[in-house]
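Across the two complexes that follow, chain A remains constant while its partner is chain B and subsequently chain C.
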Partner chain A sequence: MTIQNAPATRSTFTNLLWTIARFREAGISLFILILMVAVTLRAPSFLTVDNFEDILLNISILVIVALAQTMVIITHGIDLSVSSMIGLVAMMVAFVVKQNPETPGLLAVLMGMAVGSVLGIFNGLIITYGNVPPIIATLGTLTIYRGMVFYYSQGTWINSFELPANFKLLSKGTPLGLPNMVIIAILVASLVYYFLNHTRTGRDIFAVGSNPEAAQYAGIRSQRIIFLVYLISGVLSGLAAVLWVSRFESAQTNTALGFELQTVAASVVGGVSISGGMGTIPGVLLGALLLGIIQNSLTLIRISPFWQLAAQGLLILVAVISDRWILSRVERTKL
Partner chain B sequence: MNENILELKKISKSFSGVEVLHEVSFSLRPGEVHALLGENGAGKSTLMKIITGVHHPDGGEILLNGMPVHFGDTRESQQAGIAAIYQELSLFPDLDVAENIFIGRQPVTLGGRIDWRKLYTEADKLLASLGVHLELKQKARNLSIAQQQMVEIARAFSINARVLIMDEPTSSLTLKEAADLFRLVRRLKDDGAAIIFISHRLEELFELSDRVTVLRDGAYVDTRPVKDVTRDDLIRMMVGRTITDMFPKQDVQAGKVVLQVDHLTREGSFRDISFELRQGEILGMAGLIGAGRTNVARSLFGVELPTSGTIRLDGREIRITSPQQAIGLGLAYVPEDRQLHGLIPPMNITTNIGLPMLQVYSRRGWLRDKVERSAAFNAARQMEVRANNIWQNARELSGGNQQKVVLAKWLSTKPRILILDEPTRGIDVGTKAAVHALMSKLASEGLAILLISSELPEVLGMSDRIIVMHEGYMTGHFTRAEATQEKIISAATQAVGTGIAS
Partner chain C sequence: MSMLPVNGSKSVSLINEYAPRRSFLSNFLRWEWMLVGLLILDVLINTRISPFFLDARNLSRTSSDFMEIGLMMLPMVFIIITGNIDLSVASNMGMSASFMGLLHNMGVNIWVAALAGLLLGTLGGFLNGYLVARIKLPSLVVTLGTYAFYRGIAYGFLGDQAARGYPEAFTYLGQGKVFGTLIPFSAALFIVMAVIFGLVLHRTTFGRYLYSIGNNENATSYSGVPVEKIKFIIYTLSGFMAALAGLILAARFGSTRPDIGTGLELAVITAVVLGGVDINGGKGTMVGAILSLLLIGLMRFGMGLLNIQGQVQGIVIGLLLIMSILLPNVIRNLSRLRENFTWRSILPAAVFLLIFILFFIFFFWSRASVLAGS
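Let's turn to the complex of A and B:
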């Protein structure tokens, strides 16, 4: 049964594509480097330790939620409701902390994750039991959860002076050298990395997104896996919400409004395939970093926030188009 | 004492009201290769999926080692020692070779961490024992079809199953690879495993199996020891029915040649196809699903481009590169899958019929809907489409009426050559007869028809001549007088020297 490995002939061009496809992170890293050089030339203050700590602080929440979004997208789904889950959990936790200033930080975090898990479970149930396409299900809960923010808060905001100082330090304190929030993001990234790459359930997530029918034949319980990723998405959104309140020292009815698009952007820019089955954690981290650097530098070189949004949108398009294009080239060379 | 490792008793199964298996019984002993035989749609694959827990029987009982079992999903059947190679390739394109073999059963350490080193060593050992050389870290997406098939086989073997189901495992292997596979199957059998083997290549059945069970139209026909049956016996058991007088093909004096195809080849799909089609003639194209007939049709219609060979229309050599061009040349193609390629279900009847002729019905880019409407109305009336009115959405019609709309659509283009791909699949008997009568009438009016059908009585009853394809090759050519079911099945299942997938 000798079967020749790999097609014998391949053009140099295809080889190049292969290299890019295989080391997607290298491509992004290069892009980031070029951007950094360009920005530093115009605004030397960009390349300082302080500024970088600022960027890391800014993207920590994005990283946590983008990791969850990545797992969802790998199963060929999407969770648009993350921003509303953050908004709702943020409001609830802020109220509790305001009423009980003595609440320990860890308890607040656990509470946020618990509420988030309930919201995630609801998403998961609609999608698996209700058999509703993820984009529609989470579009619905995006609105429902946001509506619940208004109902819960009766339109009021919780401001900085109403929150205890300890709680505000929860995200920004630096007992370990780096801000807690950055450490938490790194911790979550490590856990997710381990989970996705070194456990059976993690590999099942890839399998379900890669070929759902084959997953059924292979004895993978796809519905459970799909349920699980939305649950995780809820939990991590809950965690992000607590950090959000602590960092921005407020909970508003529009907290995290539109944030879901940034998490999707970080994922797809980081090479996660919107058709499922493909994606790496280093890629997503770089994707989030790229978004963070763009935001930071566009401010530094004094470009209006309106352009920042446009630049982000453009980036998503470029990433997705090149993703499709590379994939189609790779597939065409299969036979 | 029960000598059967697996026993199926009176299994029935329906999909959306259509019974695909009716009280089918089947038994399997340790150490035997039991072949399962039947035409396309006889219910073999469904039966296999019931054994593995993909589908659940509506009635009947499954006994494993004499005990009744009920598998909720394939995980449970795997744990009970049942492995399967499915007809559809079922790998994960984004995962590598080794992980595809062990997915869901990756070796883990005590802490639940996947033991990647062990996984690769095991995969390496397994592939070596199968005599396959594959790069373990290669993504499945980059493998050839034959290589993918090998990974599937390795996966099934890795389960160390007591029952191994192989649904057409050799369909994309060369003879050499198939022979190697058989060597392995015999080794498993000697170890006491029981193997269910599904294949359309009768030679393989005789070479490999001990007993054979035949299914026909979802019903059990018979089980016999292979040494007691002949090839002809099996074909008779598979075909069974006699041709009723449902096919009113009128004798028409065939006119001049309108379409001539010479050595048409599309790499990976079909090779060296030659035939001619005359005015007033119905040319039947028989063969098993996947024999490449649809690919030939799609090449004639400009959907897929042939890699070599020539197509002549009225003796003039042409290159058809798009459906628009094909329509302009007077070709019409009624595709196999109505829902997917034939109709736009949410659109109404008028719009559906008018689609290929929009340019004709338009002036300066504006659609003249009066013209479109009257054309659609006439075509629908001619086809006797049964609907409330011509504004009804296509999806609300029955399968038979949908097919009539598709036919009306293509006939309104006034074609000279009509390609029909499985025109009566899944439609009721009455409409079927109407479609057959229409075909006959169209032929008598001088239309040249290429009829692709997997239903033998239809091909035999409607065609003036029949060509048979098998695995991309033309393996038979019969006149109406010569053709019999046995001859066609024989040509459609004969082993060809080399597979084209390599």
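Let's turn to the complex of A and C:
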């Protein structure tokens, strides 16, 4: 009897989880829709193809790094060092490209990812082998990597005229209709989606995050999984760094300063639980889109640029609070 | 921030640590004594390297550089001991200092403006407390949101303007010394505050509740402790202290810009964690945090005398932060490795070492070619 009952209860339970998961994304979609309608009423130029291409271009880098951050957060970790990794890789790649203007774009990308992977490996080793809590480890490497940027460049920076033209086109060129950067972001998103949902290692990431002990008993080597997500975070930050240099045509000592909080915000607004084990890729994409739309529309409806950061912060708070409110309502009705 | 250390291993270690085992040696193995040792080491090295280190005037000036961080650190110790975090302190500091600057620019009396700044900062802490304690959102998420929100308000208040021209009576808060001695006013304020906060943490029921919440919030709540109210209080307190630190920083600079104090939250958290306060809550002392603040301050001062840039100093501070937790763990891992040693276990270490060596070769090679050219 009990054996027969077990699958049935499990399936209703997963059904319940599914409805909540769908509902969560529905919540943020609704929020985006309301925002879009409100902005269009004030500024009709919002609903144009050009403007949406602009938004997509602006959030591409955020999407790439936020996806990595999401995987880290799903394992109940956090990677605060992404911004400094981007800063360091950006500076190193810019130095090399300046010295060797003939560097093919693909090689620059691979170089950035390789350098980023080393930084990610360092994070991963400290956290897994050294048993340092992720927030401390990456807080430390946040200042270490940023310090290395200063040491590396001795305070100098790379300007637009020092970079070759084909490198600058790497992110903005449109051989396939959309800017390369947007295509790369879509590619990364689909790869991460497939990896998280349809591979064994990807499922292990969720297992490690939602119940580390159970994962251990199930034979998952959680230390390896945790090491892997920080490695991926380094690689994707490296990729983002190359795109960053190419798009903004410069590498400075303060490149991407404070960016780590935007990536965490995109994940969290997209419904990724900060206590691990929960989160979806479409949710994160919507979260990044929401941040992008907010930034874009504040300019369109002519809110003073000085108040934009405040409005962004407020909207993040509203999104998180309403998400919690919806979740508690769902739980109450289900009970 | 999980705050439920319910698995077996942790509770066992808790018993070990809180059992009355005050043998002579174990007292010396405490983290606070390690910090004292590091402090002495740092002073010795610095006096050897630079003759300007043990100069009362220099030390007095450098100590006032760290008092803002110190003032924000005191309530942060409370918050981290309960297993929570407040990332918004530096933004809150910017918001309240900018509000004061805005009112000052509008011609309001400076003391009224300062009071308004304090009120706004306290209100900011109150909002954090409301969202964490009442709505029960994770503190990391809440304060991440208010981190952007409060800094944004600071920019909204002042825009690209700066507030300056504060009267001398006000700049005394940041630049003055106490009664002709060399002790800066802000340092004296910090010492008084530190004593109060230390006594509250270690000598009152309120302080014990903080540890209790950090060790097991649910159990604490079930045993009748007003957890919600306590969280409210510590976050509001954190907002007040951030505003106070903001006023002192503004007084020290003699001007306020909206980006005042950007990034200080990380310095504050570094000081707390290096001081031996467990980021997961439930463990730590005020003395440790104050010692680590002193250590960071003196190390930065010493490196400054050697003309090392402030940002590059971050490498050392960051390494120190990581090492403080890493080293004991690695030593334990190594001794376990020695018990069942095989040559294969060397392999991954060798591979990683090779990767890092290659990285640094690339690092210095690519750097040298450009810096030589320019």
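Just so it is clear, the second predicted complex is superposed on the first by the 291 of 335 C-alpha atoms of A that agree within 3 Å, B and C clash if a C-alpha of one lies under 4 Å from a C-alpha of the other, contacts with A are read in each partner's own complex, and residues count from 1 in each chain.
In the analysis below, contacts are C-beta pairs under 8 Å (C-beta built on N, C-alpha and C of every residue); 3 or more make two chains touch, one makes a residue touch a chain.
All of these numbers come straight from a predicted model, not from anything done at the bench.
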{"item": "Contact breadth on chain A, by residue count: chain C or chain B", "value": "C"}
{"item": "Touching partner for A:Leu314 - first (chain B), second (chain C), both, neither", "value": "second"}
{"item": "Chain B versus chain C as contact partner of A:Ile144, first or second or both or neither", "value": "second"}
{"item": "Contacts of A:Ile274 with chain B and chain C, given as first, second, both or neither", "value": "second"}
{"item": "Partner chain(s) touched by A:Ser210 [first = chain B, second = chain C, both, neither]", "value": "first"}
{"item": "Chain B versus chain C as contact partner of A:His198, first or second or both or neither", "value": "first"}
{"item": "First, second, both or neither for A:Gly130, with chain B first and chain C second", "value": "second"}
{"item": "Partner chain(s) touched by A:Ile220 [first = chain B, second = chain C, both, neither]", "value": "first"}
{"item": "First (chain B), second (chain C), both or neither touched by A:Gln99", "value": "second"}
{"item": "Intersection of the chain A residues that touch chain B with those that touch chain C", "value": "213"}
{"item": "Touching residues (chain side chain B, partner chain A) in the complex", "value": "52, 54, 73-78, 84, 86, 88, 90-95, 99, 103-104, 106, 108, 112-114, 116, 130-135, 138, 141-144, 146-147, 150, 155, 176-177, 180-181, 268"}
{"item": "Chain C - residues contacting chain A, complex", "value": "1-2, 7, 85, 87, 131, 135-138, 140-142, 144-153, 155-156, 158-160, 258, 266, 269-270, 273, 279-280, 309, 311-319, 321-322, 325-326, 329-330, 333, 352, 355-356, 358-359, 362-363, 366-367, 369-371, 373-374"}
{"item": "Touching residues on chain A, where the partner in the complex is chain B", "value": "1-3, 5-6, 194, 197-200, 203-204, 206-207, 209-211, 213-221, 273, 277-278, 330-331, 333-335"}
{"item": "For the chain A and chain C complex, residues of the former touching the latter", "value": "76, 78, 92, 95-96, 98-99, 115, 118, 121-122, 125-126, 129-133, 135-137, 139-144, 146-156, 213, 253, 261, 264-265, 268, 274-275, 304, 306-314, 316-317, 320-321, 324"}
